[in-house]
């Protein structure tokens, strides 16, 4: 592994140099929401946070994306331009692992050119999570505060400087492009960073043993638990839209006058019209089925298809659910439920 | 004074009745200061019920959120009552639903909980951050006491109460079948200062203010779903043909969505503030709804959710309604 | 010389009074600005507030809703409902920062051809002053 260091007084230059070469995204406030947005020259990203409100998937898999434009009476379509080279700065390790999970979906049976092109051209610079939030449970889902999966480079805040751990070729390119700002990291720095992340991991209070859950879920398909979990559910899209691994989308045509576009947009399995058939029949007619599907998709179906759980333990769905539907509570009851 | 034993006893008696389907109350959440709606079907489930400054949820939503699935052959519709625990603001939602005939009076059994004000979760979580275990709270002599792991903490109401509670005009349920304890004193008057503050700005400033907020909207529709007054069977936002508001997320559609939502609540919003509470990106939605509530009050002297016999504002009129702007 | 901005105004006219009034203005050869795109509806009470929002999204710089005078509604009370509805709508639009000159309402009877001319002139003039409403236009944003 290659370790470098950038001191905090040079960090402003570091950001400016990144922004010059590629389109730089970093956590910034919009309204009350913290999300990844392009960094305007001179503006400072927010780097002190447990996690962003909106996960970085909003850059790689935007909420609304034009697939092509068309005109009535004309068979030609026009495709959107090529994706720009981008850098995401300040991605939490859990969210980076989520991108690795989403990757397996979008490159599954059919390659998704829109997502994969953007993914290929985007470098993810992670930021070790030294102050885990109340509901973080990444360590239960195979991650950790300094997990490197899905990242190209991991930054760790050492107090006076950031430690840069280069992980991939894309990360190496970033490294070279800013090398005049970097200094060699000493062995103590690396040890210190490891100590910090160990301490952070020890501060994670919530969690669950996920072993056996994927096998257990199909067995309790008809359990009355699902009714209990979903009774207070409002059927909104908070838990799915803000989940870093949720990747469902809808495709709609939007017309104005004679021009239109075909675009895809985030969709949520918690909405009733998600499974609504044209006939009016809905195979998931109530929130019970929809809640059951959400949990099963993450902890059972995805495991069958890709061999990994589609949850990284970022805690967003727990933090933001208005009626305190707590995925850890659900899972622990699933474990306890007799077959 | 809150009497939890009485509350639980009443709940047990109520759910034991043959004509009651279930009772909806509150229970302590899984962590921190969270509370979850609690559906009591059997008397022994009443043990978990609580009523404390943490009980922010407006449970009247669940009267209209219930999914009515097609009946199986030979199945009879369940016409039993739903018992509902309400605070002052929640009861106004029930009244407004009655005004609009969204529910029948016979289908609900309303248990009134006079309320001394509930917390603003954001304020409390900022004060006492990182609480992985459930924390209980109670009212005590005009203050709120939090039972934290390292001892009780007393906090003045002004520091942690939700804004709507600080200027609450209806702390006591306005409609009940049973009142659980004596009524509390009305706290405040409401002069719509927050709305007036924004009104004083220029149109350009107001647009920029809302543009910033609406841009962050993720269109999760939690504000719509949590609203006790949003219960159309077929919501215009879910319609595809015609699609009045496109699903795509941009400032134009988000603004259209928020305008449509706010306008649908004109003369109906009972200012429980649930929309703002649930918004994951913190859009100040009550500021929007309260603007209309203010106009409705000033122009038509109408306050929604008070008199079940009254007519809905927008399906009634007076021949001499003001019309100063009409050419 | 800078080309003068010609606003696009969408007008919802009730079938029984305002549309007939506009017709009368036409048959009487009264000249008035041609910036208006008229949509005929059966009653001003039929106008859904979403029509207004949608018109603004799709390129209107101003909107006019016109119906029968209060008391003259063909359906007895449609315009009374419209009056309440759009009084509130106007307040809401102003509150989110839509220029108040973009939203107008009028009562024009079938016999008021000349009033129709005055109304249109006023509405177009106001929309002109308010300028193009680009920031709300659907296909200008991320299309």
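In this document, chain identifiers A, B and C correspond to the written order of the chains, with residue numbering beginning at 1 in each.
Criterion: a contact is a pair of C-beta atoms (placed from the backbone, for glycine too) under 8 Å apart; a residue touches a chain by one contact, two chains touch by 3 or more.
Source: prediction; values computed, not measured.
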Statement: Set A-C beside A-B; more C-beta pairs touch across A-B
- prompt: Where centres are the averaged C-alpha coordinates, which chain has the largest centre distance to chain C?
  reply: A
Chain occupying the middle, per Cα centroid: B
- request: Go ahead and note the Å separation of the Cα centroids belonging to chain B and chain C.
  value: 36
Query: How many angstrom between the C-alpha centroids of chain C and chain A?
result: 46
Query: Which integer distance in Å separates the CA centroid of chain A from that of chain B?
result: 31
Statement: Among all residues of chain C, those touching at least two other chains are 138, 142
Task: Going through chain A residue by residue, note those that touch at least 2 other chains and give them in order.
output: 64
Message: Could you pull out the residues of chain B that touch at least 2 other chains?
response: 246, 248, 250
Statement: Per the touch rule above, chain C residues touching chain B in the complex are 49-50, 53-54, 57, 70-71, 77, 80-81, 83-85, 87-100, 104-107, 119, 122-123, 135-138, 140-142
Query: chain C touches which residues of chain B in the complex?
result: 198-199, 203-211, 236, 244-246, 248, 250-253, 255-256, 258-260, 262-263, 266-267, 288, 291-292, 295-296, 299-300, 313-315, 317, 319, 321-323, 325-327
Field: Footprint of chain A on chain C - complex, ascending
entry: 58, 138-139, 142-143
Statement: Residue positions on chain A within touch of chain C in the complex are 64, 66, 69, 256-257, 259, 261
Task: Could you please specify the touching residues of chain A with respect to chain B in the complex?
output: 30-33, 35, 53-54, 63-64, 133-135, 205-206, 228, 231-232, 234-238, 241-242, 250, 252, 254, 263, 265-266, 268, 271-273, 285-287, 318, 320, 322-326, 328-329
